[in-house]
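In the two complexes below, chain A is the common chain; its partner is chain B in one and chain C in the other.
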Partner chain A sequence: LQPIKVPPPPPSARAVCKEPLKVVDAAQIALLDPSGARTRLFSKTNPDAAKVGDILLVRQKSGEPFAGVCINIRRRGVETGILLRGQLTRVGVEMWFKVYSPNVEAIEVVQRRRKRARRARLYYMRTPKHDPGNLEGVVRQYMRQRAMLGKGGGSK
Partner chain B sequence: MPPRIQLSHARLAQLPPAFLNPTLYASIARQCPQQTQQQQQRTIRTVVKTKHHTKFLKLSRFNNLPSLPKLRASARSAIERRIASDTLPLRTGVLATKKGMTALYSPDTGKRTPCTILQLDRVQVVGHKTARKHGYWAVQVGYGHKRPATMTRPMLGVYAGQGVAPKERVAEFRVRDAKGLLGVGEAITAGWFQEGQWVDTKSNNKGKGFAGGMKRHGWSGQPASHGQSLTHRTMGSAGGSQGSGSRVIPGKNMPGRMGNEQHTIQNLKVLKVDEANGLVLVSGPVSGPKGCIVKIQDAVKKPWPDLPGILPSLETTTQQVEAQT
Partner chain C sequence: MIQLKTMVNCIDNSGAAIVECIQVLRAKRPAKIGDRIVVVVQKQRNFGAEASKHAGSSVSAGNKVRRGDIRHAVVVRTAKEYQRPDGSVVKFDDNACVLVNKAGEPIGTRVSGIVGAELRKRGIWGKILSLAPMHI
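Up next is the complex of A and B:
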């Protein structure tokens, strides 16, 4: 039997772009974090990165700055989020922040954890025994030090 | 087969009217091409779709004459109603794969818009459906590539006849008229859609296997405690007794296979179009798992997109198709 000849296929966009999610993510991150500072702050390879267990202060476009212990870093490219556990008027509050959101103006490391946390998600901090409680004192001390240094470092 | 009858015009006038026995009339009409004016008027030209291939137009059993009011229950009227309701898109759609979801942030307003990434791959027009042959207008679109070695000879012949490379998946996109048909073999890229236009997506939703009543129909089940024995998620009752028919009514909702059915999501906005990478980003979720095939077409519940320069081939194709019909 003679083989039936069919035309060859046209060029494939799928071959050109094998991982569209990564391409879209990279374009978004380039737009939202041009200096790369935010990416470095949460990069796994950076020894000075913010880690789970550190106390972080998030300054937003509108609203009061929120400080809390970082109990979770959810890495999803441009959708990376951090879960901070703090206190608002003596009530324990957990807040998620999208790290690349334009509404998040600055993320500062107020206090680093003394030793590396032995797990990735610190949900045990919800129990009264491990709850860090009120962080106003820690944040005030950090602000005083920063003012003394004349806005030297820490803000990214 | 009825016997072949040689008749004169005089004999024809004595026959019963055409609508009583259209097949007989058709066979006679073929032998006597010179018909009287009355008989010409009686020739019924409605296209009726049949399961089998017919060499001639199947004659309608009803008095479907131009002088009489239009029959509401006819194929012609149905098509005219459909066109009048303006629910058929003017142009074809595309096939794409659902690659996953992400979000787009607006640097000015700070607004986050979740979106689904759909990728086109070697999308070409594979064929047409025309009103004369099939009773409706549609464009057959193919996605991807299938190796000729894995295809049957009949299907290879189809593709060779059309002059298109074999496709992994083919789907039809119904259009309003011949103007919506693209040339066979024409490639469709992501640039087919504009940023900011509305689209409808059709894809099979995720299969859930054999699903119970609580999942499939939202039943509440039974209490967890207070003496319930081995009955927490069951159906309970399947209906009344003697007074309600002494049986389970046909069509009763029961546990069974759920999912893996076509699901249409309407009015999704196209947020971004990346023609080089074949990407179309639509706002919101799209049915189905990652890697599923999605049909994207202009939204029927929104004004048709204004596209001045995108469809240059339509003019030539319309002329070709109208020449054939």
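Up next is the complex of A and C:
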């Protein structure tokens, strides 16, 4: 009796790379955020991170800057998104922005929340009682302060 | 997501305040920003805020449409989230439309309030976009 010829098993992908999705995710983040600034802005361990409840200003490559209260941070690796609620011409507008998107040029913290919000998703801000309303004044003040700092540093 | 029976705000100065959608044109699905719909005017906008405020001033002075009129309209704001190709999502607090004639030109002469930037890509609504004070 001849022994049955068994072909050798195919090369195991698991041996080469145990968690390919994590590798891809890390590679994408390294590509889109080489300095790591954006990651630090939303990292949980950073005490100076942007948190839910802060007023953020997003500068886009195409389009006007949008400012709003951050009511949700959805952490999904490279697909991390933030939900900002603002008001434009007296209509409430909510926008999700992908934090690592190349279309998002800069995210700035305009105003931090006084105290830590007691929940992770601030959907109660949609009710008229808690709606922050028009943030134009806050943003203008922030821009003025930034301009003053810039001028003060430049003139010195 | 505007469909049959949806009450939509009308944000131009054609005279309608609230209109009800009765048909979504050219699509077998609810209407998104930039879609054309057929509407019935449910509530008229009273121009009492204008210069003449005495009781005899007729409301139909600035109105181009009356209650019960059937017109075409373009959806400019939806409370349903609209996804963009770069991954961002935009959502307004209300549904709004602008009345339009069969050719696609707005009936009113002014648009008050923000409109969605989708109007630029989804069709021939350049005039509405230029009339609007703001778009996002």
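Criterion: the second predicted complex is superposed on the first by the 139 of 156 C-alpha atoms of A that agree within 3 Å, B and C clash if a C-alpha of one lies under 4 Å from a C-alpha of the other, contacts with A are read in each partner's own complex, and residues count from 1 in each chain.
FYI, a contact is a pair of C-beta atoms (placed from the backbone, for glycine too) under 8 Å apart; a residue touches a chain by one contact, two chains touch by 3 or more.
This one's a predicted model, so the numbers in the text were calculated from it and none came from an experiment.
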Ask   = Is A:Pro34 contacted by the first partner chain B, the second partner chain C, both or neither?
value = neither
Ask   = Of the partners chain B and chain C, which touch A:Asn103 in the superposed model: first, second, both, neither?
value = both
Request  = Considering only the touch criterion stated at the top, classify A:Gly137 as touching first (chain B), second (chain C), both, or neither.
outcome  = neither
Ask   = Who does A:Ala13 touch here: chain B (first), chain C (second), both, or neither?
value = first
Task = Please indicate which partner A:Pro128 is in contact with in the superposed arrangement: first for chain B, second for chain C, both, or neither.
result = neither
Message = Contact-wise, after the overlay, does A:Lys5 reach chain B, chain C, both or neither (first, second, both, neither)?
response = first
Message = Once chain A of both complexes is superposed, is A:Val78 in touch with chain B (first), chain C (second), both, or neither?
response = first
Task = In the overlay, answer first, second, both or neither for which of chain B and chain C A:Gly150 touches.
result = neither
Task = Examine A:Pro47 and indicate which partner it touches, taking first as chain B and second as chain C; both and neither are also allowed.
result = neither
Task = With both structures superposed, pick whichever of chain B and chain C touches the larger number of chain A residues.
result = B
Query = Between chain B and chain C, which residues of chain A are contacted by each of them?
reply = 79, 98, 101, 103
Residues of chain A that touch chain C when the two form their complex = 63-64, 66, 79, 81, 88-98, 101, 103, 126
Inquiry  = Going by the contact rule set out above, which residues of chain B touch chain A in the complex?
reply    = 97, 99-100, 102-110, 112, 117, 119-122, 124, 144-145, 148, 153, 156-157, 159-160, 163-166, 185, 187, 189-190, 272, 274, 276-279, 281
Ask   = Which residues of chain C touch chain A in the complex?
value = 77, 81, 86-94, 96, 112-114, 117, 133-134, 136
Chain A residues touching chain B - in the complex, by the definition given at the top = 1, 3-14, 16-17, 20-21, 23-25, 28, 31-32, 61, 77-79, 98, 100-103
